[in-house]
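Two complexes follow with chain A in common, the first pairing it with chain B and the second with chain C.
Up next, the complex of A and B:
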């Protein structure tokens, strides 16, 4: 499984998403590759991913991509990440 | 994420000098709030004035996604000639400001991030996220009255993290 963490510039909030996702995956006992992308390249990279992690604002700019999009409201809330990531992986 | 560089290169404290900490800053709107974070990065020598405009332009083009948690904005743009070196700034607003975020408004803390490349800030940003995830530390930071309090909260966190990493 490959997860793409998408943020505006590819070096701020996306890094925090990746870090939180790493923790969440460990807790869920799931193996996955995590990659960070900025919104400019995310659409092109989307076809290589099984799941996209991003904010609600940026998700609106990714409408129509193939992978399921998981939106995170609070980037420093590990519970939100574990719950949403777990649900999305169960359903995919 | 590798916890390397705690208290040294790549730590929060190494990238956040006192001049980059501003408590009780006044801002009239979200652009102004980002300007304060830019001013603090300029004061510490991390960026030139142009970077502040770049941080504002990021939100103008992509929206308020930089409000990453309730009350907390991570203002930044991409590497550019306006970035002189890796740096963080920390601005506690005197009055909360609306950024237009659906769930995380209003913003009380603006963190400025300047990165000349895509690697030098990674450890510090990861540490900062760890710091903010801690409810007690985060609330203490949001209630800080001066830069010295911020400094000691960061030091305390980094020392605890370093102790946790040290071999038993």
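Up next, the complex of A and C:
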């Protein structure tokens, strides 16, 4: 499974999302590839991913992409990440 | 002996002298230190090296597009001007091998140094915004390089400066950051922080009783600006075309085309305008390539650094990139961005009206990437202390700061050649300006001066941390949860 972590520039907060997701996946015992993307290229890369992690505002710009979008409000809250990611993976 | 000399010379010049390899070697060290497996180490090292090569390719494109822009600004206004874009100036500076080599060493040593300071002082922050480490290392190396400080001193002083900034700015902004996040253990790790604190204070002064930006409906049509690549391209097209027309009106079509040295295949006014349109897109595309390069490098280094930091300073507060504040007030981001551009235009007008010429500083046109990210964050901070009025005022003050400060940074950086771009975020500007001017002293005085400045800043931040942050003070009264 492949997860795309998306932020505006694909530099800072997307990388934080990726690192948090790595911790969360470890806790959930799930294997996945994680990649960081900026909002400009995310739509093109979406077709290669199974899941997209991003913030609420950026999610609005990704409406209509194939993979399920998981929106994270607090980027450093590991509990939020574990709950939402676990839930999304269960449902897909 | 000749053989040995040959080998040493080869290692020094063809390995360590090549910035891309140097970045790869440092990534290798970081990955090994964070106990990654063999595959991750080899893959990560290679990716970081390729990332640097991508960065340089982007730099070439951006430099090509900036040359006509310089001619356009000078032609339209009669004075030199720049469009601040961190990614562009970083890539351009690192196109100079000496600067690139010293920047890489300074970043490596500085990042380790920040952990040491965080461990030894009350400033227990781990700064995780990798591109800003690279940008700060670059601005400090460049101003020291321009002051002709010895290479080894350049590296050590720039490293200490970077390490200092990585722990003090998160501390100074922490009370406002708590106000934004509702008291969570996350700090601001972004070198536009002076603008955010100014925005927070402005909000408090002018925003009494103002409602939050989050209670208003924002036109959906403006959301496309949330994509920095689109925003940058739109703004650059506008800037190139308006300047091309202004230049033509001033000196006539043929003379303008001649001065810029670029016209379309068909020639004439339409050819000229399409050529400028094309250059604006090349600029936008070049910045996107640079971003890909930076992203490829950081994707390896930052997680390794975070892993090491967790072991060295358990329980430290992570200082993160500014968009982590955006979800707390998404509308304030757009309000702050637009207000920041307005502040930038006012700053431009002030410089154009004669202040720039009087102080021998260039004109500063609004760079969209800095205005979006720092203006957006300033909007969030201003909204936290002063609602809508605070978001507008905070963004505006930030725009004014990053425009006027940029004008003063250009002269201390410009000995590497006038590049028509510079750093766009407040902390690169004030700290780069301070270090660049101290570095003008002869010999050791320069290095000692910067070290003293850093020690004073660390002491001040430690005091601030104990007096305000550790006691839970939050601007505007109520204590953090």
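By our rule, the second predicted complex is superposed on the first by the 92 of 92 C-alpha atoms of A that agree within 3 Å, B and C clash if a C-alpha of one lies under 4 Å from a C-alpha of the other, contacts with A are read in each partner's own complex, and residues count from 1 in each chain.
As a convention for this text, contacts are C-beta pairs under 8 Å (C-beta built on N, C-alpha and C of every residue); 3 or more make two chains touch, one makes a residue touch a chain.
Predicted model, so just to flag it, every value in this text is computed and none were measured.
S.K.: Quick one: classify A:39 as touching chain B (first), chain C (second), both or neither.
M.R.: A:39: touches chain B and chain C.
S.K.: Between chain B and chain C, whom does A:88 touch in the aligned arrangement: first, second, both, or neither?
M.R.: The answer is neither, since A:88 touches no partner chain.
S.K.: Output check: A:78 vs chain B and chain C. Expected answer is one of first, second, both, neither. What do you get?
M.R.: After superposition on chain A, A:78 lies in contact with chain B alone.
S.K.: Taking the stated contact definition, name every residue in chain A that is touched by chain B in one complex and by chain C in the other, in rising order.
M.R.: After superposing on chain A, chain A residues 7-13, 15-16, 19, 22, 38-39, 55-58, 61, 73-77 contact both chain B and chain C.
S.K.: Where on chain C is chain A touching in the complex?
M.R.: 128-132, 181, 184-186, 189-190, 223-224, 226-230, 288, 291, 294-295, 298-299, 302-303, 306, 318, 320-324, 326-327, 330, 333, 369, 372-373
S.K.: Quick check: in the complex, which residue numbers of chain A touch chain C?
M.R.: Touch list, chain A to chain C: 7-13, 15-16, 18-19, 22, 36, 38-40, 55-58, 60-61, 72-77.
S.K.: Considering the complex alone, what residue numbers of chain A touch chain B?
M.R.: Result: residues 7-13, 15-16, 19-20, 22, 38-39, 55-58, 61, 73-78 of chain A touch chain B.
S.K.: What does chain B use to touch chain A in their complex?
M.R.: Per the stated touch rule, the residues are 1, 58, 62-66, 68-70, 72, 74, 76-79, 101-104, 113, 115, 118, 121-122, 125-126, 129, 132-133, 138.
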